[in-house]
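Okay, structure first, notes after.
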Amino acid sequence: MSHHWGMAVDLDKCTGCEACVVACHAENNIPTAGPEEAARGRAMHWLRVERYWEGEYPDVRLKFRPVLCQQCDAAPCESVCPTYASHHNDEHLNAQVYNRCIGTRYCANACPYNVRFFNFFNPQWDKPLHLQFNPDVSIREIGVMEKCTFCVQRIKAAEITAEGEKREMKDGDVKPACAQACPATAIVFGDLDDPESRVSRLFASGRGEKLLEDVGTKPNIVYLKRAEA
Amino acid sequence: MTAIYGLYDRPEAAQRACTGLKHAGIPSQDIAVISGEPFEAFEFMHRDHSMILFRLALIGGILGFLGAVGMVVGTEKAWPLVTGGMPIVAWYPNLVIIFEMTMLGAIVTTVISLLVTAKLPRFGKTLYDPAVADGKILVGVPAGGKADAIRETFTSSGASAVKTIEL
Amino acid sequence: MSAYSEQLTEDLLRPLLKTSWRFWTLAILLIGVVSLGIGAFAYQVWNGIGVWGLNWPVFWAFDITNFVFWIGISHAGTLISAILRLVNAEWRRPVTRCAEVITVFALIIGAMFPIVHLGRPWLFFWLTPYPSEREIWPNFRSPLVWDFFAISTYLTGSSLFLYLPTIPDFALVRDKTTGLRHRIYAILALGWTGTTKQWHRLESAMQIMAIAIVPVAVSVHTIVSYDFSMAPIPMWHSTIFGPYFVAGAIFSGIAALIIAMAGLRKFLHLEQYLHPVHFENLGKLLLMMSLLWGYFVFGERITTWYGNDVSEMTAFWQTQRLTYAPLFWTMVTVNFIVPVLILSFKKLRTITGCVVASFGVVVGMWLERFLIIVPTLSHKPLAYSWGHYMPRIPEILLLIATFGAMVMFYVLFSKVVPIISIWEMKIGQHPQLAHEHRTADESATMWRTEP
């Protein structure tokens, strides 16, 4: 059975706690940049929580929006990569092949969401953090682009498990690190090819809006609108 | 083969020499005129025209075109990776590559054709005199039995020097 | 040989045959500057692109600015030389080789940057289509791969366009030198003697090259502009970029040519051959390109302003009023206001006037490329991800080294090759002798297919 992975992020439930950001770092072996490099703008947050202030004091409102790779079906990052390091796979994921990347950074420039990150230096971890890598995720070397993969290692693991157990995958088999960590269950992940999955129902709910939809990138993530207060 | 040549200061004199040589019965393809610049206004330069380089450049362009089409279509079909929602064989970007390789084919073919038809590079003894670098025009013919008549023609048309060379 | 031809040959061969301490000092100085750049590059390869000022989200800045700038400079050369040849403009004769030299060396410098800017530059060859054991080919949909093909074609074409008409001059130098120099020039001259067949084949080849190189030159900078316009981000995704960049390239190239010619005229004492009228003619071309550049910039900005799209106007105001306004208005002044003022008036269109305008244009065109790249990248649609950029020492050293490299290549080239085409200048003395006066009947029997 083919899969079409998608994600729904409920902006009404998101509290901006950034547990998802931390979980993503831990799951995907993302290095920390350190204070100096972060000040230079080299921090890598595959998933970031954007914070926007609206209005003037005292009528200030705070909005959070977790932004991650939208796995666009018409991804501008894919057609500009000279080495096919960024391409679309048949499960509607934007695949980043680290070994093919020569670091032109064109993909990052073409991405309207700014969700792609570059290894400006060889990644480093202060001891003893170098002992807590996720063995399912490769460490990227200097000069290579990286971004959210919808935790493709978990997707693959679940697919292999399902095949081993000789069954179809069911909704909830795959939970990316961010969805797993979110205390508000604001992030829902699943198979859009399965009309009964939670994410398919959220896509169809009418509350969903895609980010920068008019750019024409055909993202695979919907943001469920906040209820007006 | 022995060749006799005369060196001339002015193209008009060289023209007189060529005309005189033709009158003396030397076939025109045996008369060589060598100069440091082309004097197209004179009859002695009116030979060896050819459209061959243009034709070969066209063929080179066609070969570049076919090579490019083969490369882009072949490689895109060999590894059909979807990028940006574009088709596997995407004609818009392919046309860019095809254009460049067509032009490259024409350019490279032109240069190779030039070298081949002008018989360059050519080292070893050829009909030449370093005085050509000083602006002299060299008119030369193979000696072939008419040596005296040839020398007479050269001197009477105003050659500043008449020399013999073994090739 | 006429007295003029003798003087011509002596003047144009003098730099090849005589060398002073001034040359050696200049050469060593320039090699030093270039070495600084090479050192900066080695430092960056060893430590990572992180030693530059690039960051998230400004992933391109000085590197691609330099790339586009130098490819742009390369446009005047071959384009001017080719177009002037095609329209038989007699005043081109002392200018063509100077221009062609700029093209070749500016291209070489520009073409380094697609390699220099890579995160893993040792893998740059993955851009070439070769049957690799990884069983994968380059992505022909990527403008970077188009860059590779376009620049390779243009570099090949320009180098050959430079070399072919130099062959008769190499033959001349061969005959005027002895020893090792004689042997080297003899090889370069390929045994050229100057038979009618050789001249005619050379002229056919030059004709074809001139015709072919013009569309290639136009396509090269169009393709370089596609590096930006194929990305759907504000003020990059513009349909005008192709013609805009080509016009800008020719503009910067003419400016570079004027500066180069002024330098040659002064330092190689070529006052006899590079006359004020040559600078005047190029100055008029520069004026025209300045007006054209202004037209394109105006067109791009007025349509953006009328469109009033939120994301586009963010990037728009960055250049016009906010962070990058000082650079933007400097660019407008030195690219448009100053050149138009200087070059519109014959009294000001002197060699000095043209050179002053040209220096301004060179600075302005570098700024233009920078202002296309950085304000947009630092202000994409999602406001939370806005950033900023400041260059760091390795990038600045690389920039300085490119200018050093250009001057160095030029100085070294004019030491070993006559910088003005001697045989074409000789023809220029009596242009009426260079053209056939044929009747229709003669033309009909003219063409034989004798290869």
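Just a few scattered comments:
Read from first to last, the chains carry the letters A, B and C; within each, the first residue is number 1.
Here is the rule we use: a residue touches a chain if its C-beta (ideal position, glycine included) is under 8 Å from a C-beta of that chain, and two chains touch if they have at least 3 such contacts.
Remember, it's a predicted structure, so these values are computed and weren't measured experimentally.
A summary of chain positions shows that the Cα centroid lying nearest the centre of all protein Cα atoms is that of chain C. Per-pair counts of C-beta contacts peak for the chains B-C.
Distances between chain centres, each the mean of the C-alpha atoms, put A farthest from chain C.
Distance between chain centres (mean CA atoms), chain A to chain B: 63 Å. Taking the mean of the C-alpha atoms as each chain's centre, chain B and chain C sit 29 Å apart. Chain A and chain C have Cα centroids lying 43 Å from one another.
The residues of chain C that reach two or more other chains are 136, 138-139, 141-142, 145, listed in rising order. Within chain B, the positions touching two or more other chains are listed as 79, 81, 83-84, 86, 93. Taken residue by residue, chain A touches two or more other chains at 76, 79-81, 84, whereas all remaining positions touch fewer. Residues 37, 40-44, 48, 50-52, 65, 67, 76, 79-84, 100-106, 108-110, 112-114, 117-122, 141-145, 211-212, 215-217 of chain A are the ones that touch chain C when the two sit in their complex. Within the complex formed with chain A, the residues of chain C that make contact are 47-50, 53-60, 114, 117-121, 123-124, 126-127, 134, 136, 138-139, 141-145, 148, 227, 230-233, 377, 380-385, 387-388.
Against chain B, the residues of chain A that register as touching in their complex are 73-81, 84, 86-89, 218. The part of chain B that touches chain C in the complex is made up of residues 9, 11, 32-42, 44-54, 57, 71-72, 75-76, 78-79, 81, 83-84, 86, 90, 93-94, 96-97, 99-101, 103-104, 106-108, 110-111, 113-115, 117-118, 120-124, 126-128, 130, 132-136.
Every residue of chain C that touches chain B in the complex is listed here, in rising order: 1-2, 5-6, 129, 135-142, 145-146, 149-150, 152-153, 156-157, 160, 164, 167-168, 171-172, 174-176, 186-187, 190-205, 208-209, 212-213, 215-216, 219, 223, 226, 423, 426-427, 432-438, 442, 446-451.
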